[in-house]
Amino acid sequence: MNKVVANAEEAVKDIESGMTLMLGGFGLCGIPENCIAAIVKKGVNKLTCISNNAGVDDFGIGLMLQQKQVKKMISSYVGENAEFERQLLSGELEVELIPQGTLATRAMATGYGMPAVWLLAGVGTEVAEGKEVRNFNGKEYLLEEAFDSDFAIVKAWKGDRMGNLIYKDTARNFNPMMAMAGKITIAEVEELVEPGELDPNFIHTPGIYVHRIFQGANYEKRIEQRTVRQRN
Amino acid sequence: MNKVVANAEEAVKDIESGMTLMLGGFGLCGIPENCIAAIVKKGVNKLTCISNNAGVDDFGIGLMLQQKQVKKMISSYVGENAEFERQLLSGELEVELIPQGTLATRAMATGYGMPAVWLLAGVGTEVAEGKEVRNFNGKEYLLEEAFDSDFAIVKAWKGDRMGNLIYKDTARNFNPMMAMAGKITIAEVEELVEPGELDPNFIHTPGIYVHRIFQGANYEKRIEQRTVRQRN
Amino acid sequence: MALTKEQIAQRIAQELQDGFYVNLGIGIPTLVANYIPEGISVVLQSENGLLGMGPFPYEGEEDADLINAGKQTITTLPGSVFFDSATSFGMIRAGKVDLTVLGAMEVADNGDIANWKIPGKMVKGMGGAMDLVAAAKNIIVAMQHTNRAGESKLLPQCTLPLTGVNCITKVVTDLGVFEINDDGFRCVEYAPGVTIEEIKAKTAGRLVIADDVKEVAI
Amino acid sequence: MALTKEQIAQRIAQELQDGFYVNLGIGIPTLVANYIPEGISVVLQSENGLLGMGPFPYEGEEDADLINAGKQTITTLPGSVFFDSATSFGMIRAGKVDLTVLGAMEVADNGDIANWKIPGKMVKGMGGAMDLVAAAKNIIVAMQHTNRAGESKLLPQCTLPLTGVNCITKVVTDLGVFEINDDGFRCVEYAPGVTIEEIKAKTAGRLVIADDVKEVAI
């Protein structure tokens, strides 16, 4: 079993215009930089992207927005992106905003074979519009559907040929759920290792969820808010 | 923050007759041996136990059954236990059998704050009796409720004072879900370490779910089916 | 001559494809692992929480913390991964397991299966069987064609409480190989020395003999 | 004299209890971490996937893979643990977080909160705010009592799109501390030098002054 592909270009070769992609990452942390670059290079468009954020003007999904490749963003927070705002206000771009935990849990539902989940977030707000509400034990919940997508694209710290993945620190974020939810899941990793090198007790994403894997190159790992303290 | 208690007796001191307990373990693998012994010693009864299995005659939950402490078992498989069978046939013991994945996922639902989940298992069978059925995308699912319990009792490999836990191999099984689902969660561990000794990237159960922890003693770790191969 | 249990397992092993994730039930299905074809790499899932189940341990190397869904001591392989039971059944439910092989007491010609409960007998529980049959895309049943009383286990409808409905795609018995489709059981292979007449006589459910029916090749 | 942002944070820090798991929102709430009382040990949750958030890193030690929900570089502490976002919001939804501190644009006297959207302005999204307010047991809002136009942010009902309903239990503003119950805002403390008359004048929602109202002690 060998799921390794040569590079990002090969990994995304059958992503077509009009498809729906799920992408891991929170802000610019843990995003699949190499695959995003390859999609930009490939030039497909009319994409629907399910991702917690939409990058910044010149990095992350922002690079796809610059090339007008995105038809619709499904996210919880899309600030810090002037081009996004311009396309949204001009009607070139659609956006569906959903609560962050709902986004994470709808992706998890897909990965667990659950068609929909009952969630608290958004009850009594405009997020609830058009959704079934049900009272369980005195609390109201919204019925939220699992996501359906064509590809999931995630970034991990290390991975092996069989697709087993581990993430580093808060770069884990949405990556495990997106990985589980993909019909076809592409993983780019900082370090590709042989099966057996990752401790079987400490693998975050079992390889069964991952269809293609490659070692990425030239990670920039940009920091959005560099906050530091001074040494005494 | 220090969640450490002295021993199993102290950990279970406020478990009372009539309560509902969730217990980790699959077969005799990964069961909270020390807490079970302490509950037997304590002599509470009329317990409802949510556990995938019911132990064997002289080990695991079987020890509680011997003392007639269990009113009801909620499990997926209860074979290998003659005393269980005797009590069941005589009407002393109630049993609710539910599919293994449904058991795991109902516990997970509790830990994720979801009141109920839509699951495939059991559609068209007697498991579906009395349950809401709904068709999503052409498939039928049952509405299965989250579990409500008084205590969850789990066994981990290592844990720290803050309640962070890691499990070993297939002794993980139901333990993480039970730990997440407990109103009060008790963890017994083979090795109790200081905060910082467990790698924060590889903790299976975050301490926020664990209320009491102690280092267990004298683990027997009995094997149910010892299967081996011969060296050439 | 009817197929032995080992031969049933051997025949089922021919269904394996390179890269398959496979869940093998207790009994004959477990034996399938012994006949994985040369050049084919599959990963065995054990629903208690392991992908990449290896062989039994050498004597003296058994580990109580490392068992399969049949509670047998096992080993891991390079690339193995452990996970909790919710994740395990999540991957089953999401259709990530390519092939599931199960035993059965009865299979109906519409794909229903009964394998967990006999009224009047002590019920041990369904374990993970209901989850597996409800969710797996591709389920092969491995069983004897008839029960101890000589009665067909391939029925027009199950008489025992069901484990799952419309879920079985193929049955391999000591007498042959049967696909299940809208016309019922379609016999595509017969065991060496077993006649079509015997198969017809011992199959209570709707049966179609494939035009190109052939002998099981092992 | 009205409370400064730091003093609002300081006052909220008095609500912390030993062993609390706490989620602090962006803005004034973040400052609460600077005033954790002596002898009290709390664990800070960052909803992007961390329990045990530590201080900002020393210059040169920033790690792009280690950020908080405000996307700021941070550090860990002994006992910290990372997890995915579904687990993070699962623990929030299951009520495992003891205290949540959030900013707001408006709070209503029934506990409704609006803090994510202003009609006519570019909407950036609710992020995790709706999940937090829907699920947390104990939510304190930290905010200025009035907006830039001098209008009350403590209202009979929110005018902006809601983030959550009936969920806020306490509000700490520059003018004082207000519990929310069936009678509306109950002023239990006033900022040094702030008069009850000023609080009454600047509170549009139903207001009750507690019999034992006292000056905020910091």
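Every chain is named by a letter (A, B, C and D) in the order it is written, and numbering of its residues begins at 1.
Keep this in mind: contacts are C-beta pairs under 8 Å (C-beta built on N, C-alpha and C of every residue); 3 or more make two chains touch, one makes a residue touch a chain.
Just so we're clear, the structure is a prediction, and the values are computed from it rather than from any experiment.
Trainee: Shortest hop count from subunit A to subunit C along touching chains?
Mentor: Contact-graph shortest path, subunit A to subunit C, evaluates to 1.
Trainee: If I rank B-D and A-D by number of C-beta contact pairs, which comes first?
Mentor: Answer by contact count: A-D.
Trainee: Averaging over Cα atoms per chain, report the distance between subunit B and subunit D in Å.
Mentor: Each chain reduced to its C-alpha mean, subunit B and subunit D end up 36 Å apart.
Trainee: Distance-wise, how many Å sit between the C-alpha centres of subunit A and subunit B, to the nearest whole number?
Mentor: So the centre of subunit A lies 33 Å away from the centre of subunit B.
Trainee: At what distance in angstrom does the C-alpha mean of subunit C lie from that of subunit B?
Mentor: Chain centroid spacing, subunit B to subunit C, equals 28 Å.
Trainee: Using the touch definition from the top, which residues of subunit B touch two or more other chains?
Mentor: Within subunit B, residues 105, 112-114, 119-120, 167-169, 172, 200-201 contact more than one other chain.
Trainee: Mind pulling the subunit C residues that touch 2 or more other chains?
Mentor: Only 76, 82-83, 86, 90, 92-93, 135 qualify.
Trainee: Kindly provide every pair of chains that touch.
Mentor: A-B, A-C, A-D, B-C, B-D
Trainee: Along subunit B, where are the residues that touch subunit C in the complex?
Mentor: Its residues touching subunit C are 26-30, 52, 75-79, 85, 88-89, 97, 99-105, 107-108, 119-127, 157, 167-177, 204, 221-231.
Trainee: Within the complex, which stretch of subunit D touches subunit B?
Mentor: Residues 18-19, 21, 41, 43, 45, 51-52, 76-83, 86-87, 90-97, 135 of subunit D touch subunit B in their complex.
Trainee: Going by the contact rule at the top, pick out the subunit C residues touching subunit B in the complex.
Mentor: Contact set of subunit C toward subunit B: 46-50, 55-68, 70-74, 76, 82-86, 88-90, 92-93, 112, 122-131, 134-135, 161-166.
Trainee: Under the definition above, what is the set of subunit B residues touching subunit A in their complex?
Mentor: Where subunit B meets subunit A, its residues are 105, 112-120, 136-137, 139, 141, 166-169, 172, 199-202.
Trainee: If we count contacts the way the header does, which residues on subunit A are in touch with subunit C in the complex?
Mentor: For this pair, the touching residues of subunit A are 1, 110-114, 160-162, 164, 180, 194-196, 198, 200-201, 203, 206-209.
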